[in-house]
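Before we start, here is the structure in question, set down as structure tokens.
Labels run A, B, C and D following the written order; every chain starts at residue 1.
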Amino acid sequence: MDAFEPRDADFRRRVTKSFDLQPFANHIGGTLERVDPGEVDIALKYKPELAQQHGYVHGGVITSIADAAAGYAAMTLAAPSVGVLTTELKVNFLRPAGKGVLLAKGRVIKAGRTLNIVQTDVTEMTDDKTVHVLTGLVTIMFVEGLE
Amino acid sequence: MDAFEPRDADFRRRVTKSFDLQPFANHIGGTLERVDPGEVDIALKYKPELAQQHGYVHGGVITSIADAAAGYAAMTLAAPSVGVLTTELKVNFLRPAGKGVLLAKGRVIKAGRTLNIVQTDVTEMTDDKTVHVLTGLVTIMFVEGLE
Amino acid sequence: MDAFEPRDADFRRRVTKSFDLQPFANHIGGTLERVDPGEVDIALKYKPELAQQHGYVHGGVITSIADAAAGYAAMTLAAPSVGVLTTELKVNFLRPAGKGVLLAKGRVIKAGRTLNIVQTDVTEMTDDKTVHVLTGLVTIMFVEGLE
Amino acid sequence: MDAFEPRDADFRRRVTKSFDLQPFANHIGGTLERVDPGEVDIALKYKPELAQQHGYVHGGVITSIADAAAGYAAMTLAAPSVGVLTTELKVNFLRPAGKGVLLAKGRVIKAGRTLNIVQTDVTEMTDDKTVHVLTGLVTIMFVEGLE
């Protein structure tokens, strides 16, 4: 993985502010755990309303935090006037996620002028172990003027 | 697209029951609009808590109903004792979705003994037009004994 | 699917010329069968050197013509000075392909200023039937100055 | 990444034999560089007939060796009577590949009884540097009785 140079020295404040303004992120309850150049971690605690019919966390919820971690990882590298949009994502579900804490890690693999390719992985942490729940690849586009 | 023969004559009741038991589907508020062999439609009305930071519907929400439509489309073809799991999904976001009604259509392209390939598309319907918001491909696995 | 307006009235000649200049396309032996706005078909006859170890056509070959059909479908909509690059592709293999003729159809789903989302499908045609071999989604980028 | 226990002590001989029997792999000229449990590397030297219209290696060629590395990585973990099929793959093209040597690395992320999720990456090595050309995720299915 490359080392990345942020275009906006104030990227941490900007990512945090954007995250705090997301109604859906607040609705499901994720928290920002790490904001570094090209790297963002988001945690999510289990809540019953996030489950699917078998009691596991809904795949759409896991995908949502995987996507969010990817998008914010790219945003750490955006210029101050540039926002981010997900253009496509692909995820593989490796194991079901139960009642532990989910941690989604977005890591920029290729930073571009317009398109950024980001790897995203979600693990579930319980008292005695950590399991790999999801791996994916996300394309994030920089959009001038999108805050 | 092929014509499909359900293995469970009672598939409509079974899909509906499973959908009603999903905490997350109820949490975001989707409704089942169509349940036919290999074909399921799910609708979702805009609510402010489903938005991302720019006021559009969060990509994770759109992906969730796209995934759910795909999974239930495959479930219409499952034997009575067989449940469904998403093994992987890939979506392209075509346009942002605003305050209209989202309609996700899951259509089985290839039905298998174990793996089913399902196309999924989401449109947003407003008073005066319908726009294509997402297209995707989802692999759904049949799992014996999973209700 | 939308109807598309080509930006280059001479798009058929341009796509054909580009296809004819591809060493790899000539190497495996594909032929352009259709070039319309947003739609390109490529055919490929079975040859023993295109097989994998079980005698079926190699997945990489099928993916290659699926990708090419998608790229040229987007190229029909490019301005005269703009070339195309595949940024990402996702394919599902539905059935193995044997000794018939493969037909790859690229269809633009969303035409953009920079990014185009293209559906691609490959069928195998033998004397008595046509089977669906591959379905996929491809993102094609317009690049100014790339011939 | 997990450590993997091969089910077939003779996996190296089996993978090598299968690779040598592939007409297409021989046609484009790849070579097996590493065969370990869950890990396979394939190298490919530039040849003019593998190029697309701009002189870079054709995306279909790069995808082919990425897919092959993934499939053989999974095959190292298969029981003696079990073969492998690619069910789906997703790749992002990070940079164009020129006239160096390509190295595709397949790494099993999740080994299963039926489905294996494999990460695949391709780099181009020239005299003075190594660049990341492709990253992808591939699902490989175990099929009983397929040699």
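One rule holds in what follows: a contact is a pair of C-beta atoms (placed from the backbone, for glycine too) under 8 Å apart; a residue touches a chain by one contact, two chains touch by 3 or more.
What you are looking at is a predicted structure, and each value in this text was computed from that prediction instead of being measured.
Trainee: Higher C-beta contact count, A-C or B-C?
Mentor: B-C is joined by more C-beta pairs in contact.
Trainee: Farthest from chain C by Cα centre, which chain is it? Let me know.
Mentor: The most remote chain is A.
Trainee: I'd like the Å distance between the centres of chain A and chain C, where a centre is the mean of that chain's Cα atoms.
Mentor: Whole-Å distance between the two chain centres: 33.
Trainee: With chain centres defined as C-alpha means, what is the inter-centre distance between chain C and chain D in Å?
Mentor: Averaging C-alpha atoms per chain gives centres 23 Å apart.
Trainee: Find the geometric centre of each of chain B and chain C from their Cα atoms only, then give the gap between the two centres in Å, rounded to an integer.
Mentor: Computed from C-alpha means, the inter-chain centre distance equals 28 Å.
Trainee: Can you list the residues of chain B that touch 2 or more other chains?
Mentor: Correct list: 87-88, 90, 92, 117, 137, 139.
Trainee: Quick one: label the inter-chain contact graph as line, ring, star, complete or other.
Mentor: Looks like everything touches everything, fully connected.
Trainee: Under the stated contact criterion, what part of chain B meets chain D in this complex?
Mentor: Per the touch definition, chain B meets chain D at residues 87-88, 90, 114-115, 117, 137, 139, 141.
Trainee: Considering the complex alone, what residue numbers of chain A touch chain B?
Mentor: Per the touch definition, chain A meets chain B at residues 18, 21-27, 48-54, 58-61, 63-65, 67-68, 83, 85-93, 96, 146-147.
Trainee: Of all residues in chain C, which touch chain B in the complex?
Mentor: Touching chain B: residues 90, 92, 94-95, 109-110, 117, 119, 132, 135-137, 139 of chain C.
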